[in-house]
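Each of the two complexes below includes subunit A, the first together with subunit B, the second together with subunit C.
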Partner chain A sequence: MTILDVLFWVYALAAAGGAIAVVLTHNVVRMAFWLIVSLGSTAGLFFLLNADFVGTAQLLVYVGGTLVLLIFGVMLTASGPFINMRTNPGEGVLAGVIAVSLLAAIASSVCRVDWEDVSQRTAGPRGFNPQQELAERYYPPQSGSTSRAIGAALLGVRVDRDLGTARTNLSPGYLLPFEIASVHLLVVLVGAAYLARAKRRVNDRRDSEEPTGTQR
Partner chain B sequence: MNPIIATSSIGEYLEGNWHLSEGWAILIAAVVHAALVLAFFGVAPLFFIWLERKVAGRIQDRLGPTRVGGRFGWLQTLADGLKLIQKEDLRPQSADPFLFNLSPYLVFVASFAAFIALPFSDGWVAQNLDVGIFFILAVMSLEVIGVILAGYSSGSKWALFGGMREAAQVVSYEIPMAICVLVPIISAGSLSLVEIGQMQSGWFWNWLIFNNPFTFIAFFAYFTVATASVKRAPFDLAEAESELVAGFHTEYSGIRWSYFFMAEYASMFAVSGIAVLLFLGGWHIGLPILDTTVPRDFPASYFANLVGLFVFVVKSCSLVFLQMWVRWTLPRLRIDQVMTTCLKYLLPISCFLFLGAAVWPLTLAASLGRTTLLPETRATVLGMDLRIGEPLGERLYKSAARVERPVLLPPEAALPGEGERR
Partner chain C sequence: MQAVGLNTYLFIGAILFVAGIVCMATKRNGIGVLMGVELVLNGANLNFVAFSRYTPLGLDGQVISLFVIVLAAAEAAVALAIALNFYNNHLTIDVDRADDLRG
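Here is the complex of A and B:
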């Protein structure tokens, strides 16, 4: 058992334990903390897999963004000092049934894959290194440098497929889907700001004097 | 030994020369890196707190600490630290004990994690991440969670107000900070802080702040936003002694309280270090003497790196000093003024800079046939010829060649699609 295996078990147990603690805790802010532990450990697992970009994005988007929003929501909606959530048994049973069926679905699909075969076919930078000298000239021995490959794929160059071949018709890349998703998010943000803004009455004096007064 | 990979290869050195197994080599290398970074992380706040007192004293026309440790009172912080360790660790009855005890560590860890990817000299970085600056921004944004939890779990209105202000402020200032960071990254074409630093070797006009007018303005915008993001005056609304007693750490005492301060001063250094690496030439002195004459083999490059370390720390400390100077000379803003500054001024300014920096090299390439007004900077980074200001697409094609499975690409072959696209 190498140190990497130990680290995997540490992160995996922290991710699973954090997730269980989220379910079992009653205090909402403590739940947020356990969610930090769970999501942060997932980021650690990504780093162990040499997926630096995904791990960092996990830290920024999930751990940072979502949790700040969660804490905001809790603080703005809480009526008492430390709110506790009490669930009734029916909800627990329903959630348990959903969780178990989801686990069954994931487990069955994981078990159906021949992982030995997959890992041989898609050997990453660690396993695939026949020309050590050339490889070290092009990137430092430390692996996990995936951001350039991701950026190139966004523009339509798949480094694992297109490089070194004479392909002229490159794939369109992921830039367009990415932009569509981001514009979609922008629309959601604008809508949220519209819904959440302070409602003014129509006969508000200041409102009626403004030539471009906001409508209700 | 290649100086670029000097520290990232401690593990490999142990593996190769001492014949340790990979696991032990990684473990020992990790412990060495962590010990070095933690030593710096511990000592820098000691120095900065002493410096803050001396600077505050000078600005307020007094002497500051003078007695402890001889002439300049330079042991004052250590004495304070000993005092803080001995003090009782108080906790209000209405606090949430679990989160109250834990949140200082959360702040501390988030601030410490930023130093993992911060290069102190050419290749002297605990972990040479390909997404270095992205990682630092991500983990430094986690600091706010600890502050909010501290404010919430204290069970005190002052602390809650401080925590809420911090949340509102940091969430808003993260946006212009990220955009301002992107401006020099467009010119450099890399997220790796080591590569960005290496590109700025040679004369000082190679520094990214002088690369184009937009990066020049972006430096000042970044520094303003960074000051706000580490909650320093005039943006220290989370603390606001005059209104909120001590803000989010009102209820803390003893060593837990001091963790917040260690994290704050370390974060000041971290954001200043990012500014130095992104804009002010990193560890380079601005003259090409060291970069060209020093041979790239072990002892010489090691001493060049030591000089680089010194230069980097001096530059960063000057920016930290600037933050202190600002703190003791400017009045604190109101919370609505803080938000106005961010959302109505800094955010549009940074968006404008971002657009301008993206268009600049393309405009110059179309009109002048080159991408910068300055003498062209060519740097050999990790064995790859790179130009500053080169349009992003070309850089991506070029740099993608070295990332994954370089075996597929014969070394002398031209990249596919490069000819057709031009």
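Here is the complex of A and C:
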């Protein structure tokens, strides 16, 4: 058992335990804390999967941005009775039964698939060797960086697939989804600012509509 | 104890997914429902990155998980604005009270 295995089990237990604690606790502030634990441990799992850029983005965007936004929401709405809101015990038992059966269904269907065989069949004519993939195709472990290949893929150039091959047709990149996501973010920011703006009261509107000639 | 492989990562992702589903279904706090959505998206992300490591999916899985992260941030911003608007109008965050459109 290497140090990577130990790290995997630590992060996996923290991620799964944090997620279960989010479900089980009733205090919304503690739910936010356990969500931070779960998402941060998932970033650690990303690092263990050689996905350094995705792990960094998870830490920066999710833990640093989205969760801070959620905690602002908790602070703005958690007043008095809304900090602890409990469901019926009967509903909790029903949800537990459904959760266990759903987890059993997913786990059994995952275990039934032979992923090695699927990888070999979907790899194409070259075949698939994970170590060779890591060493040759992209992110050589000694440099330990996927950010250059991911940035080139977002610009539409697949250096991880096309570099060093003799083919004349290039692999498709992600330029159009990247642009769509950027426009989508702009629209979302405008929409969120519009939805969350401070409402003007009726008196204010009447005051502003009077032609008094005062400076706005 | 079996060696760490694709199945263990998929199992962790399944736990995150199921926890998020239960959180969405049982929480009465609107912010709690949003946290359930984040858990579900995170479980899907873990599956994508695990497939990109252990199958020929390659870098595509990591790019898709980046898109999921970005869209989850956008979704959280809009949903939080809606939740704050609901709180301003109804003075509660209980999603069971949001029955204005009930016929």
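Simple rule for what comes next: the second predicted complex is superposed on the first by the 142 of 216 C-alpha atoms of A that agree within 3 Å, B and C clash if a C-alpha of one lies under 4 Å from a C-alpha of the other, contacts with A are read in each partner's own complex, and residues count from 1 in each chain.
Everything below uses one rule, namely that contacts are C-beta pairs under 8 Å (C-beta built on N, C-alpha and C of every residue); 3 or more make two chains touch, one makes a residue touch a chain.
Because the structure is predicted, anything quoted here is derived from the model rather than measured.
Trainee: Check the residue A:53 against both partner chains and state whether it touches subunit B (first), subunit C (second), both, or neither.
Mentor: A:53 sits against subunit B and subunit C alike.
Trainee: For A:174, using the defined touch cut-off, is the partner it touches subunit B, subunit C, both, or neither? Pick first, second, both or neither.
Mentor: second
Trainee: Is A:91 contacted by the first partner subunit B, the second partner subunit C, both or neither?
Mentor: second
Trainee: Quick one: classify A:22 as touching subunit B (first), subunit C (second), both or neither.
Mentor: The answer is second: A:22 touches subunit C but not subunit B.
Trainee: Between subunit B and subunit C, pick out the one touching the greater number of residues of subunit A.
Mentor: C
Trainee: If you stack the two complexes on chain A, which partner ends up touching A:33: first (subunit B), second (subunit C), both, or neither?
Mentor: Once the two structures are laid over each other on A, A:33 reaches subunit B alone.
Trainee: Is A:8 touching anything from subunit B or subunit C once the two structures are fitted on A? First, second, both or neither.
Mentor: In the superposition, A:8 contacts subunit C only.
Trainee: Examine A:111 and indicate which partner it touches, taking first as subunit B and second as subunit C; both and neither are also allowed.
Mentor: A:111: touches subunit C, not subunit B.
Trainee: Going by the contact rule set out at the top, does A:189 touch subunit B (first), subunit C (second), both, or neither?
Mentor: second
Trainee: On subunit A, which stretch or stretches are contacted by subunit B in one complex as well as by subunit C in the other?
Mentor: 4, 32, 53, 57, 67, 72, 82, 128, 130, 137-138, 146, 149, 160
Trainee: Please name which positions on subunit A make contact with subunit C in the complex.
Mentor: Touch residues, subunit A against subunit C: 4-5, 8, 12, 15-16, 19-20, 22-23, 28, 31-32, 35, 38-39, 42, 45-46, 49-51, 53-54, 57-58, 61-62, 65-67, 69-70, 72-74, 76-77, 82, 85-87, 91-92, 95-96, 98-99, 102-103, 106-107, 110-111, 115, 118-119, 122-124, 128, 130, 133, 137-138, 146, 149-150, 153-154, 158, 160-161, 174, 177, 181, 184-185, 188-189, 191-193, 195-196, 199.
Trainee: Sort out for me which residues of subunit A touch subunit B in the complex.
Mentor: Of all residues in subunit A, those touching subunit B are 2-4, 27, 29-30, 32-33, 36, 52-53, 56-57, 59-60, 63-64, 67-68, 71-72, 75, 81-82, 125, 128, 130-131, 134-135, 137-142, 144-149, 151-152, 155, 157, 159-160, 162-168, 170.
Trainee: Which of the residues in subunit B come into contact with subunit A in the complex?
Mentor: It comes out as residues 4-5, 8-9, 12, 21-24, 26-27, 94, 96, 98-99, 102, 106, 127-131, 134-135, 137-139, 141-142, 144-145, 148-149, 152-153, 155, 160, 164, 167, 171, 191-192, 382-384, 393, 396-397, 399-411, 413, 415-417, 420.
Trainee: Report the residues of subunit C in contact with subunit A in the complex, numbered from low to high.
Mentor: The contact residues of subunit C facing subunit A are 3-4, 6-12, 14-23, 25-32, 34-36, 38-39, 42, 45-46, 49-50, 52-56, 58-59, 62-63, 65-67, 69-74, 76-78, 80-85, 87-88, 92-94.
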